[in-house]
């Protein structure tokens, strides 16, 4: 806490917690605070954050607000979806993928304004602190990092509120008490954890969900859509070209309406414990299914299987915060190389929580009807080849079998 | 075709195709034919197969009929589900996993009756021929294999029917024409491919499905169930102990009723081409979700992530027919080692195609509420540890950053 | 054998075997034969091959001779060494890596001269037939492939000689009898297998080696050299810039003189059996050690470990002949991405079979003396960080330990 | 440092550093110190450690001395060699593998004497602190760990000596000054790092080596030996059965005499920086070569390649200190499963730093001379099978090629 800091760039949401941090930084470090508020599609107005920062004494030139939605989807979400990344078989990494971009922007602002420190509002028990800080350190190795939740003694809600009151920080009425759970949100997902969710034996109460309607309340008729892909990235819905962020927003709407993308999960954090979270990734869930769908006809088996083998490591790297690490970039290079012809159209059926790929077509299709048809055709497939194929694949197994037999094993 | 064969054990379903094979073997090889008909839960009576075999001149002592359902689920399906095996991200390997068992039984019968050959009805373009034959060769390296579909010239439906008529093989009325698709079924799944399914751009017609009702026609109210696990295997539904096969059958019922487990897929065959298939795995789909659910609280992160990394290779081995290969057994040894404490209860919600894990509990749970709670407790977690953890994880990234900076890269 | 072929491009060495093939193609297929003879550094004159082809009736415009040494090392050997590729822990893939290039050139010539077929002299039991043919098929899917060793009945040496005599093919005296082993050679290596080497319990006789002197006869004084690398490729020896092929040739000389690079191995062939081979890779052995040496200071741990994990698969792909497969290219993309700063100088000691890296330096070095020194300095390393690092890494193990203790496991 | 500790078990070598730690623990924590001194084959007498402990006031019943050599080799070294474990392509993990055993013994003693803490002499920058402490925590999650080098302020040699003098700790004359490098040793290896070794561009001076003679000074005649294996473990040298530790000691002698097993390496530490070390693993180097040799004829390709793919992860786990982690045990289960028939005899030639496998034989051999011979025999290998094998392996590549051609890509 005795670090000597002159100017700090804070990831600032405008909410109570980061407002307390703002004030705490000012009072504890006696340093100039620069706020950075980003629109990643969390669904909140940004202007109130500016007003609040001004109110808390931040100089206008020290308030940075930026709409990052397109950059977020184009340079972070889409590359990750090219990898079909899923953590622990289920989690679409909605929180994880946003942190590196925020970290990058904070460092850029720090360079611009000559700040020597950055700060964030992530707690000391979670993954986000790691993701932020690995990003900071990778991009600016000599930066000083202030993680208030690891440093201060405002460990209970009461203390936090008391600090806020003592420093004239406005407190919204509904923030006075304990929140029944904590939330993170961006264009890719919303997540909730803590409090009422902490018993993994208990079903998630319906009021925790915010991005999707209950599948039971979704329309009784399915919705059919098409998604077009170019080189592994979605580019159009129902034939209409859309920018990355607009496209994801549209998929979110479609997913929300059809109750798609809810996930109730116990996951393993990088910091070592298990935690129970609830995720809603409506658009992402559709996107993943569609991407696998277009890959299924345009990607060669060797490439597809290699991707499947590399994916768990890729997902782990993203989850753990190693976005800017060379090994993530190496895997990305391999994955991107595979996406050159992942271009075409997928047709999907959305219905009460289900995303079903019902059709795929592509001028790059490797699916060859002549090859698979049961009717014998003028095709480059000779049934007799299969015998040789099997016999040489079996050769080592036969040798093993002979050993067993010979030695009576 | 000039192989000298005295006695052949045929995997015999009693249907038209294998009846033609039976007769063709007799006429082409002038050899004694032994039939083996297994109940793997495909949902067909076995006695008609016996009658038909007798009718076709098979001696009573050469007709083998066996109920393999318990062995199938206990020794093949369950070990595979311990691995959470999914091929190409989606396929639950329902056909693949049945072949090794049939191959094993044929070889056992061949040893018993002194047969020098085995035969099967798989075509020359598919994966099943590989799976059967790798099994045969691994278990009896000197066996002779007869794969009629690769040898004969009955390449069209007409020729097949003509052969059947010429040899007095009874032909069911609905078998005279071309089937609109071909089907495989066992206790784990039913699959269809070919003909009407061959255009991957066209939605699978509803009449192709046989194991599940359409999610749109499933009940409007969700069904809640619990599944108990012991050492990674399911042992009870709603608290009621069931044998492996009975349990899977019960899950199939539940899945069927709730429209669960349909899959429309373009997959990559081992023999080199893509094919489009439709799979229904109602019980298996529930089982996989439940197994991941109980693992989520009982399996350590290191074990879980290693399993996820090994899974694609495991699934590929099963898909390709390498069940009896040493590397599959090695992976199984690793996986089984991890399942010692995968014991507990999972609660699931089944609703119109959705399987949702809503609760998990276990006396072996590694989920520790004290560790994750946001409230500071008397727990072995010190927020300050996170700083050191992050700094050492970041060290190499900082060194990379310093290099970049120093050299202006 | 009844394939209808008009013009075939044969990989022609000028030796007895491929001369017999040449004639056999003419007589069996009644087709025009185009010969392709490449200099890959096998150490043989190419002009005699031209003379022999002319003698056997090949038209001058159908004789292609090309010096591929630079292309071979630059585009095949070097990329492979960037991966540190070693098959089954030991084999440097000297034969494997040459086949794709020959295949590629044959196809290019086939396109140019309008040939509809290609042919090679690899036997039906080895890996090389696979490597050649996977290359042919990948680059020209409709090509016809003639593999005489799989087709003809010249299965014994006697028959081969008789055919040669009958067709006026000159036979060198020493080729009349059985060769005591068969040899493959190029700029990267020489290999021998067969006959006298077939008993893996027997030591390889010294006369089999041709590229290296016996370590026991190598100089008693060590030789010191430096190798410079740029982006992962060797560029200079002892400070002197050399082209890829010249550099490898120079390393071969150095290796030969110091008895470096001999390998006696039982390996697993792709076609399913084990075989015993003897390899000499003098320059390559030095190159691999040097490359690992420069990587050790310029490559980040994450990148290095990922490379090590991917390497066995990469080596298997090259060994099995999948050079032109998408998954090899994907891995290459990942590997090449890592090599951007693998630039610097390695100092090596060569002595009687030993290659010892004794020094490495680079302006891109990530080795930071300040970080590792036992003396405390002004460095970004705080001993206390290690406590937190360890405690969070231990957290899941402690939770496992607590479970054990609580339940008395 | 304010931890409340009653009794601590110290890993005590009897040397100056751990003697200072002993005294520092007594004075700082005012706690009872229990010493544990193990013989892991480091080559030092243990009785002086007992005398010194007594001299420093340790009660006789608190002094534990144990010969762990057999357990070390049997339960740690041998399982690791079954995996052919090599870290970063080169390091045989000699230090890494000893730490878990020491940790285990300390915890056993702590349980026995009712100690609430353990302590070790590893520094705050190295890997050993991690290895010790992950072991402690895994085996006794509630243990208190004291790592003096991370806590005290005796950061320079002078301060350490001053503390020793102030507390009447005897100081050997040669320990007064700075050691030119630091050493770790056990039956598997000796390593050195620090000081004179810190510049990776400079060759390791010959006086640093202690376990091997300089290859240049080794005998001019090679030494031939045989090693017998049973289920993957070495059991005899030159036909003479030896216990694990005796066998490794014998291999060390042989390796020493022939200058085998020196390694000069820049490696990546788990704590994040690169370090330069020098390792001597004479017996282990021979053992690894021999083990690969016997595996080459007894292990199936599928098993061998899976082992090669898993190895880097296994080695990383051991290096990082995760010996007692479930994922290491899972990998071990897979590896051990593969070793059932890794039984037989390997013949090796040792010569001036070289270890050359010159022969292998086993009654479990999978090497089948009939299969590989160039002569056609009565073998289960039909050259024509290769054509089918290749064509189906090529099918997907041809489809890719057709796509390219059709679309002019």
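Letters are used for the chains, namely A, B, C and D, taken in the order the chains are written, and counting of residues starts over at 1 for each.
Criterion: a residue touches a chain if its C-beta (ideal position, glycine included) is under 8 Å from a C-beta of that chain, and two chains touch if they have at least 3 such contacts.
Because the structure is a prediction, the values reported are computed rather than measured.
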Contacts common to chain C and chain D (chain labels): A, B
Task: With one step meaning two chains touch, work out the least steps from chain A to chain C.
output: 1
Statement: So, in whole Å, the Cα centroid of chain A is separated from that of chain D by 39
- line: Between the Cα centroids of chain A and chain B the separation in whole angstrom comes to 31
- prompt: Got the chain A residues that touch at least 2 other chains?
  reply: 141-142, 268, 271-273, 300-302, 305, 313, 322, 325-326, 366, 368, 371, 380-381, 384, 386-387, 389, 391-396, 398-400, 402
- prompt: Contact residues on chain D for chain A in the complex?
  reply: 300-302, 341, 363-364, 366, 368, 371, 380-382, 384-389, 391-393, 395-396, 398-400, 402-403, 407, 409
- prompt: Which residues of chain D touch chain B in their complex?
  reply: 141-142, 268, 271-273, 300, 302-303, 305-307, 313, 322, 325-327, 329-331, 333-338, 380, 392-396, 399
Query: Which residues of chain A touch chain B in the complex?
result: 84, 88-90, 123-125, 129-130, 133-134, 137-142, 147, 149-150, 155-156, 182, 194-195, 198-204, 215-216, 220, 222, 262, 264-268, 271-276, 292, 296-297, 300-301, 304-305, 308-309, 311-313, 316, 322, 324-326, 347, 349, 351-354, 356-361, 365-369, 371-376, 381, 383-384, 386-387, 389-391, 393-394, 397-402, 405
